[in-house]
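Please go over the structures that come below.
Presented sequentially are two complexes of chain A, the first with chain B as partner and the second with chain C.
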Partner chain A sequence: MKLIAKKDVAAVVGTWSKTYSVLSPCMHASGDCVFDSFDAETFTLEYRKPPMPPKSSFLPQNETMFSVENGTFTPVIHHEKTLLFGIRACDLMGILQARSFYSRDMDDVYHRSHAEDTLIVVHACSWPQNETCFCTTVHSGPYAHEGFDIQLFDMGTDFLAEAGSDAGRAMIATEPFRDFDVEDAAERLSRVKHMAHNSIPIVSEVAEAMDILKGTGTNEGVWEHLGRKCITCGGCVYVCPTCTCFNVVDRVTADASGERMRTWDTCLYAGFTREASGHNPRSSQASRLRRRHEHKLLHYSQTDNRGALCGCVGCGRCSDYCPVHIGTLEVVKAIAEHIY
Partner chain B sequence: MGEHAQNIYTLRPVTISRTLPQIADHRLFQLRLDNGCSWDEFGHQPGQFIEASIFGKGEAPISISSPPTRCDTLEICVRRAGKLTNALFEMGKGSRLHIRGPYGRGFPVDKLKGHKLLLVAGGLGLAPLRSLLLYVLDRRKEFDELILMYGTNNPDNVLFKYELLSFFDRDDIKYLYSVDRDDAGIWKQYVGVVTGLFDRTSLSPADTYAVLCGPPVMYRFVVDRLLKLGFAKDHIYMSLERMMKCGVGKCGHCAIGDKYCCTDGPVFNLTEVEHIKEAI
Partner chain C sequence: MAGLAAAFGSGAMTNSINEFDDADLFFIIGSNTTAQHPLIGSRIINAVERGSKLILFDPREIPLAQFATLHLRQNFGTDVALLNGIMNIIIQEDLHDRLYVEGRTEGFEELKKLVGRYTPKVVEQITGIRSSELYRAAVMYAQADKAMIIYAMGITQHVTGTDNVKTLANLAMLTGHVGRPSTGVNPLRGQNNVQGACDMGGLPGVFTGYQRVGDPAAVKKFEDAWSVSGLNTKGGLTITGMMEAAHKGTLKAMYIMGENPLVSDPDITHVEQALSNLDFLVVQDIFLSDTAALADVVLPAASFAEKEGTYSNTERRVQLARAAVPPPGQARSDWEIIAGLCSRLGLAADYRGPADIMKEINALTPSYGGITYSRLSAGHGLQWPCPNVDHPGTVFLHREQFTKGKGSFLPCEFKPAAETPDDEYDFTLTTGRIYFQYHTGTMTRRIDLLEREAPEPLVEINPEDAKKLGIRSNDLVELESRRGSIQLKAEVTPRVPKRVLFTTFHFREAPVNRLTNSAFDPVAEIPELKGCSVKIRRCS
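Moving on, here comes the complex of A and B:
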């Protein structure tokens, strides 16, 4: 294990940005913190939960799959050495789950190439980022167990740096990283982890809702009620680290030429399942909302959850941003409490 | 680079070698590979589907209507319904399009071998089921008794008319055809819904596999009827239709409960899907 003084971090990330396309927390003049290309001026370590998870590094909102010229399709596989600096453990879990899903049975070469090109530095949480965090409930945080190259733990004026890969080990081998060879290093780290873990409240309704869905199933009335509230904006999907559905569209620039792309899509939209005949197996908003939540809480493949409880990583963003207050936290409460 | 070979979305160009009008807005397209290659190496099985692709119109899942026993051509029977199929109907012999596949889990041919078969098709459901029907007819000795039930809404909408008529000359297939309505009074066979055909033949549920393909409403009634007759749930197979965008289990459009219609299906037996509320 290594230590690095917080004041030295910006310079190190700046060095890395010469080799990698670094996405790191930037404090905008508006006061919003977003993950953006590294910029020494706006780089910050004082940030809360960024509005967007880093999923677009692996599944861009629009991604060209083929360039098409005179009807001939040529695959476009994007390669860019990327470093995600400072993402949270819940968001890493989202990346890992998506990676398992996209690689199972038949590997998706576009997703794989992004994964192979990306190094990940996790900034473990010492406390909840806001009141909607529930990573400890779904076992996705506050710190990561696998999948990172480096993980940083806040030790006051320093970060403790843990390497999770050979690449990570090499990156923290030199100055300004220094050895952390005090006798009680492991104990100190475990104390930090323990305190962080205990600072994030458990949302018991998640497991209760999962049990209800697994057992007799929830009352139809819950979905009817939530379906009536949903305004089908798709915002929850947009900010969700594990929502990875896509649509395929053609952008035609000239006759028989252009690009075939994939774009984010969502099961909340009526057109998502509508067939060319007009038949729609999921014809109500209630059934579509139910699908989205049952996918994560009931149907998520055991092979894809990477040690987490389900297909929700507990980042809480859907509850932060849903305009009508039916994020996952509200949905599991409605199911668990049999309100409707 | 090797990446191209590993890209699950890789398309291959094909040429329309023939188009055969079926009924209004339904057409059979025969496809051939470049350089006169046989479809053998495509490796398709009865009940599988392809993604047909026309740049600018996107991709659409289309079931394969021809069996792997007839590899000189690949046939797809298409209803003019959406963006891609409308564009396809504007294309004639010699036109080029792209396909991906074959995809999905087809009919369990090996399991069906040696058994009696009841094939039940409704409307365009005959298109995918025909790949199994012709497969069985081409390898007739490998299967026991074969019964085909086919229902359409009226006599004008019978697909593969000449093939169905040709069965009149065979004694190794029992066929029962129905139409929901016959306003012109020209239909010589049963008038009524396809389940009515069950009263006109005797079945031996214990050693028969039922294979269904048709509109969702047909499944509910036919499955109900089969269960009452004593068919075991794992002897009832059906091909489910969903909007299968990618065909490889990634895009999420065709998910049914914990299953993906494109990779776990499109053919399922009743045991696999009866617990999923939205399946049928």
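Moving on, here comes the complex of A and C:
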């Protein structure tokens, strides 16, 4: 195990940014914090859960898959050595779940190439980032068990750095990283982990709602009530680290030329399931909301879970950003408490 | 805007978006809020879930109807009668705010006299709303502590648009619902910067900040600032006036920026004739719209993501946006195009960038005096009026007194719509917008996901009418007005009342403005896009 003084972190990340395209937390003058290309001026370690998960590093909002020029096809596979600095454990679990999904039944070469090009530095949480965090409930945080290159634990004026891969080990082998050679290193780390774990309350309704869905199913009234107020913005899907759906479209740029692209999609739009005849098996907003939440809580794949409880990694963003409060937290409460 | 300016002295949303969270009652008329201002709509839904009341006036069963404490479906174009009727009940029942009316307003006696004629029985005949329901609405609104009136184009796009707005202002003043948090008269503006365009003098009779071109002091100030003399003090033409003049041949050249009148304006056959009558047409846009295709010169403009500058939104909030990517090809920011034209015309417009222009705005526009670039960069915008750099901006207007001093009651009589159904054109066609498309679709129809959600125009028809006419959902139907005809598919739905049809103006393949009437409001010159008379038949 290694240590690094917090004050040295910006310089190290700056060095990495010479080799990698680094995405790291930036604090803007307006007070907004987002993950963006590393910039020494705005780099910060004082950040909360960023509004967007790192999903677009693996599944860009729009991505060209191949181009056609005068009838000749050329696959477009983007390569860029990338380093994600400071993502949270829940978001890493989101990446791992998506990675499993995109490689389980087929080899999604686009997703794979992004994954192969990307190094991940996790910043383990010492406490909940806000009141919607529920990683401990779904076993996705507050620290990661696998899948990272480096994981940083907050030890006051230092970070403890744990390597999760050979690349990570090499990166923390030299100055300003230094050995953490006290006798009780392991104990200290487990104390930090323990405190962090205990600081994030368990949301018992998640498991209860999952049981109800598996058993008798929920009262239709829940979905009808929520469906009435959903404004169909798609926001809950776009901010979700484990939502993996895309739509495929062709952009014709000239005769016999153009490109095929994929763009983020959401099952909350009617056109997502509308059939060519016009018939729609998910014809109401209620049924579409039900689909989304059942996908997370009922119809997830055990293989894709990667050790988490279900297909939701507890980041809480859908609860943070749904303008009418239809996040996973609200939904599981409504199901578990039989509110409607 | 003209209506609110006359009543209060300021033509903008009186209150702010955050204040929706604390309102006790929403009085919504002529706004399909969840479809057109979805984030404001979601605040209304949340507030209603927490116990706020919602009175909704709309002939259509819009999504908010499911949340309404009271949904009243008035006959088309009868808003003035409806609101006068409500005020009459409030005065009769002594529910008006006497102190407020005495202390802060003028013209109450005239109002009382006029609305006195709008008895519940008369109003029921005109609007189709039962007097018991009208009574409920009046009492609920008057008794609410914090009540917000919310409206949009459903109020303004009528020949009586200005009267509609004045009458809403009367109602708010009568009950003391202006000048406090979570109250007021709140027009929701459509585009992200339509408020800003008005603020910056994009209206025929004003300089920036609504300083009148007829005011000699304002003229002198601008002449000095621009080192020119002889600025026009008469004001120009509105869009409606320009089209008329072009049609007549008295207007020879037109320069259109970011508008697509060939799809968006009423009676487009007339617009086509007017535009082809011009000697010279310049269109500045981000895409080659139908109107741009007709132009002699097209000036490619940068889109929002490719330029820097400010937008002033519906709550008078000025916000700074920076370019995320450079403009493609020859496209340039609007300011660069205009400044370039100015220099070629011999007026030195040597701004170094938007920040320079903002300095000029700060110096010449009292309400924008303190809205500087450095302040905008350091936060999330500032709401005008903000007269100096120490001023925090204004969350709601008319706190102690109205901008113009005392608020004026401006009573209006009910006047019917320009076109009402007759034996031949026996349906009222009303137009609006849908969630997934924007305006004439020049932008949204290029976005595959949006196009998938709403790929084609539909006309809504009530099941009873449809049955009589043998029309089923997805049948192709023809709509015909005195001005033209279009074909599109039908959607049979109780969302529309009997004898009313609804469609949108997003789709150029069935341009509804072939049908609409260019009759307009005499003050604001906004056309009556919200209704015209048509007949409908199933295509064989």
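One rule holds in what follows: the second predicted complex is superposed on the first by the 340 of 340 C-alpha atoms of A that agree within 3 Å, B and C clash if a C-alpha of one lies under 4 Å from a C-alpha of the other, contacts with A are read in each partner's own complex, and residues count from 1 in each chain.
Assume contacts are C-beta pairs under 8 Å (C-beta built on N, C-alpha and C of every residue); 3 or more make two chains touch, one makes a residue touch a chain.
From a predicted model like this one, the values you see are computed outputs, not experimental measurements.
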item	value
Combined model on chain A: chain C and chain B, fit or clash	fit
Which of chain B and chain C A:188 touches, first, second, both or neither	neither
Angle, in degrees and to the nearest 10, that opens at chain A between the C-alpha centres of chain B and chain C	80
Which of chain B and chain C A:252 touches, first, second, both or neither	first
Touched partner set for A:299, first chain B, second chain C, both or neither	first
Chain touching more of chain A, residue-wise (chain B, chain C)	B
Touched partner set for A:197, first chain B, second chain C, both or neither	neither
Touched partner set for A:6, first chain B, second chain C, both or neither	neither
Contacts of A:333 with chain B and chain C, given as first, second, both or neither	neither
First (chain B), second (chain C), both or neither touched by A:145	neither
Contacts of A:29 with chain B and chain C, given as first, second, both or neither	second
Which of chain B and chain C A:178 touches, first, second, both or neither	neither
Distance in angstrom between the closest Cα atoms of chain C and chain B, superposition on A	10
Those residues of chain A which chain B touches in one complex and chain C touches in the other	247, 249, 265
Of all residues in chain A, those that touch chain C in their complex	29-31, 228-229, 231-233, 247, 249, 263, 265, 269-271, 278, 323-325
Contact footprint of chain A on chain C as seen in their complex	34, 38-39, 41-43, 45-46, 49, 66-67, 377-380, 435, 448-449, 452-453, 474
Interface residues, chain A side, partner chain B - complex	65-66, 68, 71, 73, 75, 77, 101-102, 104-109, 113, 244-250, 252, 256, 258, 260, 262, 265, 267, 272-277, 279, 281-282, 287, 291, 294-295, 298-299, 301
Interface residues, chain B side, partner chain A - complex	3-4, 6-11, 55-60, 79, 81-85, 96, 98, 215-216, 241-243, 245-246, 248-258, 263, 278
